[in-house]
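One chain, subunit A, appears in both complexes that follow, with subunit B as partner in the first and subunit C in the second.
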Partner chain A sequence: MTRKLLVGPFNRVEGDLEIRLDIRDDAVASAQVNSPLFRGFEMMLAGKDPRDALTIVPRICGICSISQSAAAALALGQAAGVTPTPQGARATAILHAVENLADHVTHFALFFMPDFARPAYAGRDWHGPAVERFTAMQGSAARQLTEGRAQLLHITGMLAGKWPHTLAIQPGGVTKAPDARDRVRILSTLRSFRRTLEATIFGAKLEDYAALTTLSDLYGWTTGDAALFLRIAADLGLAASGQGPRRYLSAGAYPQGAQRLTRAGLLDHGTLKPFDPTQITEDLSHAWMLGETAHPAQGQTVPDEDMRADAYSWCKAPRLGGQVVECGALARQAVDGHPLALALADEGGVRARVAARLLEIARTQIWLEEAAQALDPSAIFLEPFTLPKSGQGVGLVEAARGTLGHWLRIEKGRIASYQIVAPTTWNFSPRDAQGLPGALEAALVGAPVAEGEETPLSVQHIVRSFDPCMVCTVH
Partner chain B sequence: MNLLWLQSAGCGGCTMSLLCAEDPNVFDLMADGGIEFLWHPSFSEATGAEVTRLLAAIEAGEQTLDVLAVEGSIVTGPKGTGRYHMLAGTGRSMLDWVRALAPLARDVVAVGTCAAYGGVTSAGGNPAGATGLQYEGQLAGGALPPSFRARSGRPVINIAGCPTHPGWVAETLLLMAEDRLSEADLDDFGRPRLYTDHLVHHACTKNEFYEYKASATKLSEMGCMMEHLGCVGTQAVGDCNIRGWNGEGSCTRAGYPCIACTAPEFEEPNHPFTETPTIAGIPIGLPSDMPKAWFMALASLSKAATPRRIGVNAVSDRIRVPPGAKRNSK
Partner chain C sequence: MSQIETFYEVMRKQGITRRSFMKYCSLTAAALGLGPAFVPRIAKAMEEMPRTPVIWVHGLECTCCSESFIRSAHPLAGDVVLSMISLDYDDTLMAAAGHQAEAAMRDTIERYRGNYILAVEGNPPLNEDGMYCIVGGKPFVDQLREAAEHAKAIISWGACASYGCVQAAHPNPTRATPVHQVITDKPIIRVPGCPPIAEVMTGVITYMLTFDRLPELDRQGRPAMFYGQRIHDKCYRRPHFDAGQFVETWDDENARRGYCLYKMGCKGPTTYNACSTVRWNEGVSFPIQSGHGCIGCSEDGFWDQGSFYDRVTDLTQFGVEANADQIGGIAAGAVAGGIAVHTAISALRTAQKKVQDRPSAAETSKEEA
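Now for the complex of A and B:
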């Protein structure tokens, strides 16, 4: 028996998402992922003073705002031949890591877990705890972690004025030189957030979760909401569902001088290869965009106002060496070589994505404490910069959801071209000219659909396991 | 009071900002104030078909709608169709949905500057044809006509800000839930006066520098940013420096200028955001309610009278000369 489903509005993802499903024999036979919103940031930026990018690009996205700032600052810095001072880079990385940490917690507590509190799961032996902890807007974990997140973001208030949409992050560092009092306050806020994480998600020391090395270690984890998730995942078969392409991309998170805190690379079916950004192309065959497949440095954004019938999304289809890749916390941790993440990368489904995100929460919090400890209030935090009349720059960073790239070209002192490839552009791309489906489109194939289901739960779990940010996707 | 929240063409940052509400958290804050979310795109359990049924029930009059809150601009392109933003799963544009639902609501709230006036989504050449709900920039009339009134008789309530402050949204909604927000509580651009009766300048920590026109010459310096760095906090409405953001923060406290993100058309200042345009060395855009000649006379006097402490600190990235009689004696 075959039927078609149109799924939307797809909520508890950031931004707008619509999915078309062909269902055959009680499973998804094929999927088309549509990003139904076009705003045109790349077009808005053309012709502007390049410095204005620092005000405009964070406003692409209210959840990855600092990631957008950081990518723009890197691209402008490359064009100007300026790098952040060491402490400026540290402050930028602290801000960026705080955003990524807050986003991961938001995803787990507010976007992903509430589905397991649905009445459709009543009768499962884990349903009671899921309802108590994660019922949308009411669960005890939703409240604790929302409060914890709001307090964690005090660090952005202190170092960057506000969140989202700061102008503090600049090519040469940050506009605010934190003093000794700011530093101890940041440390206090972090210690408080650690207490929240250890009392809720982990039910144990963060270091214990970060020290897990094998899948059997992980499945033996018995505390906190992590254990609840693992129990649910085992019961619902979430390890096997939502299989990704097993090609994992990371540009390396948090630049510190010539180094990055986490490794850059492409983990291709277990083999680590260098990440070569020149191999990126954006294919427009199934996007409502005009023009040819191009590298983002040569790319254009010309929307197809007629919305031709053989396209189905405003999202372009980025490919690396012609291939589909997956990015995000799982990719980042696996490329970085964490043993548990490598094992999860091999598992490659819904459980792996979520368990690796929890791993990254633990590791990021631990790193933040060290980084804040080493803030030096006597240092210089900002190097001024002067932009050339013509030049170009690339900014590659790791947003919560994966690899984010900005490609900038300046001519006659103005922005001549600005192209952006965001994490969910990679993960939720439409098909390319070869007919290759995007990572999510492929991951949905085989998802079970019960008779009468209009918005299949299996599809919801798979989609949300990627933690999509749809406003970044098309921008 | 029930509330339907729709995310239109924006960044979602006003929702993310609302999640930063404290004392108590946003969910308790709303529930305790008698505000019930019929649906919110980031918070609610319901998705897909559950939501399209709710929208149909509202449209059919089977479900009463107290507040329609819209976050994000409304895009009208391409070619006036609104198809740059189709509400997923419905086959209809957000433009069409907003026009259908707004007259059914007791009140309509625009959350953030995009929803109020178009905002950053309408920057540059406005490629998507973005407009606000009841304003297009400073001009009355957006996705809804200037004459639009919700069932209460009130126009769209514009909680402008980029992002908007969680307190501004919470307090506006809490007052509405008590039915204590009248049209007289809104300013000329439909913004709640609970925050627009103040200027960003009020309680700005750089005010002593402002008094002496002791100016920062580049970002990260502590001096006033009006003269050189594009700061318009003396004209911008908002209590940002009174109540603080994310704890104790504000734009000017973090060393970068106020860009008047609560104002219509802030996205196109006609100069780089971090640079003050000048005519013959005089910054344009001085405080709007002060005679210019007086301002210039006072400025030159106060500049001449600047104590060394303030002059040195203004161009430093931290306090170099602390207050105190001994150090100030030279």
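Now for the complex of A and C:
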């Protein structure tokens, strides 16, 4: 038997989302993902002073605003021929890593895990602890981690004045040169956040989780909320559910000079290939957008006010070499070559995404401690820059949720074109002209939907495993 | 409403001790500019008054207001959000999903008809019949109207709800429109900023819950207690402005010395907000302290005033007081009345009337000044 289901709005995701499901024999047969929020940032940026991008683009998203700042600063820097000073790049990377870390923690504690506290799971042997720890807005983990996260974000205050919507990140580095006192405070803030993580999510030393190499190591993890998640995942079969395209993209996180802290690349069914940004296209066949398929440097944003019937989303469909890719923590860690992440990438479902995100939490915290240690208050943190009257720039960074790209063209001293491809644009794209569904659309196929279920739990888990950011998706 | 528990009961259920409850009350009194004598009053109100239901809706926005809110500095910050004000409907944080969530909102409206506060984050886009922001299959503007109809008051969080913000920047592709231009028959308090400071948000909401009335507003509808002074008035770099010591380029010697950022485009002299006093991320810092000028995000139209790095051109150094007051205006007049502390807990409807009367009072005091 078949039926159609419209699922949405989704809460505990950033922004608005609606999914149309065709259900056959108690499972999803096909899915259409609609991003129902459009603001038109790319249209507003045209004609503005290029430097104003640094103030406007962070406001695309209040959750990943530093990622947007960092991408804009890179694109402007490339146009101006300036790179951040080494310490400026380090301070930018610390700011960005703090935001990514905070986002991952929010996702786990406030967005993803509360689904397991639902009454529908009463009777499962893990339901009691899930309710105690993760009931929305009340669970003990939600409180501990919200508080820990607020303290962690003091670092963005110290290094950048305010968060969200930081202004300090510039093409040549950061406007704030931290002094010795800031450095000490950053280190002590990080120490305290480590204690929070080790007492809650991991229940053990971060290094122990970061040292896991195989799936059987992971099965053997017995402490903290991570163990609770793994127990739930085993019971509900989350390893097999929500299978992605197994093509993982990462632009490499945190530029430090010519290097990046994590590797850039495309991991295609286990084979690592170089990432060639010129192979990116945005397909408009199923988006309410007018124009032809184009590379973002040539792309445009003209909303189709008629909202034509054969389209179903404001989201364009980005493809790499014509293919669907998945990005995010799992992709980043796997492309970087971490053995556990490679094993998880091969597993490719809900459990893999969440377990890899936890891996990235551990690794990012460890790296942050080293980076803060190496802050040098006596160094130069900002290189002055002059923008050309005409020029181009690309800024590719890794936001918490995956690869974020800004393509900028300056003419007559003004922004002539600004195109943005955000992580969830990749993951939640609609179909393209060949009819290829986006990563989430394909991942939903096969998800079980019980008779009479109106907001299928399996769909909720799969959607949230990607940690979507819908306001960035369409912008 | 007798079946609704009090704030204190809600807080106790969350395992909050009496001691931290009293600490919360005194911090709140301080944040609101009230003396220690008001601490017991706040405590009493919280113990005796039924909690106020809040519906929190999201339109065209970036969620930065929610992000700011959940990082407030009170020791009970998390709890303010997670329990005390009891967000009966909030689509970013709540547990339910889909139709259940829609039902929860309708249920809240029905149960607390005329008694709930509607908090709006973001704004409705009006082009194409509102189709640029769809919630539950309907334009957000419909959800907003439905939720506003029986609200006793509305809080416009942030620059989006208050003014439009960057998404209303030229050419404003979606016709993003501030809340007060769509809802015209309810008392609306505007809490602008992109985002507003967390302590300002919790301060405003606590005031409304405690005293069951709107705080004193300036003529732009902003709470005077937080938007009564310019960033410039309380900026720790102000002595350098007065001494004519300015940063000339990024990270020059003068920048290291912490000189004034006016020549780098700082909008502090024309911006009314609490950043230079309350500061950000639990009082750690604020943009000027990080070496970047203020962009004026709590002022109407800040997104379309030329480049953010343009100097405030109509500001002459010696005429600064007169000139900046003309620009930011109007707020100064309302502040002249001082922060009113009300001795009786009255209904919001009375407050609304007073607020409506306010502009003329402000005019008067301005003339006197």
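The rule is simple: the second predicted complex is superposed on the first by the 475 of 475 C-alpha atoms of A that agree within 3 Å, B and C clash if a C-alpha of one lies under 4 Å from a C-alpha of the other, contacts with A are read in each partner's own complex, and residues count from 1 in each chain.
The rule is short, and it goes like this: a residue touches a chain if its C-beta (ideal position, glycine included) is under 8 Å from a C-beta of that chain, and two chains touch if they have at least 3 such contacts.
Everything numeric in this text was worked out from a predicted model, so none of it was measured.
Placing subunit B and subunit C on a common subunit A by superposition gives a clash between them.
In the superposition on chain A, A:A93 makes contact with neither subunit B nor subunit C.
With both structures placed on the common chain, the touch criterion links A:A355 to neither subunit B nor subunit C. By the touch criterion stated above, A:L17 is placed in contact with subunit B alone, subunit C being left untouched.
By the document's definition of touching, neither partner reaches A:A371: not subunit B, not subunit C. Of the two partner chains, neither subunit B nor subunit C is touched by A:A253. In the superposition on the C-alpha atoms of chain A, the part of subunit A touched by subunit B in one complex and by subunit C in the other spans residues 6-12, 14-16, 18, 36-40, 43-44, 47-49, 51-52, 54-56, 59-63, 65, 110, 114, 117-118, 135-138, 142-143, 146-147, 149-151, 153-154, 156-168, 170, 173-177, 303, 305, 307, 314, 380-382, 384, 454-455, 460, 471. Listed in rising order, the residues of subunit A touching subunit C in the complex are 6-12, 14-16, 18, 36-41, 43-44, 47-49, 51-52, 54-56, 59-63, 65, 110, 114, 117-118, 135-138, 142-143, 146-147, 149-151, 153-154, 156-168, 170, 172-177, 303, 305, 307, 314, 380-384, 454-455, 460, 471.
Within the complex, the subunit B residues that touch subunit A are 7, 9-17, 19-22, 24-28, 31, 37, 39-52, 75, 77-79, 83-90, 120-121, 123-128, 130, 162-163, 218-220, 244-257, 259, 261, 267, 272-275, 317-318.
Residue ranges of subunit A in contact with subunit B, taken from their complex: 6-12, 14-18, 34, 36-40, 43-49, 51-52, 54-56, 59-63, 65, 106, 110-111, 114-115, 117-118, 135-138, 142-143, 146-147, 149-151, 153-154, 156-168, 170, 173-177, 179, 303, 305-307, 314, 377, 380-382, 384, 454-455, 460, 471.
For subunit C in complex with subunit A, the residues that touch the partner chain are 14, 58, 60-68, 70-72, 77-79, 81-83, 87, 90-102, 125, 127-128, 131-137, 165-167, 169-174, 176, 194-195, 249-251, 255-256, 275, 279-282, 284-293, 295, 297, 303, 306-309.
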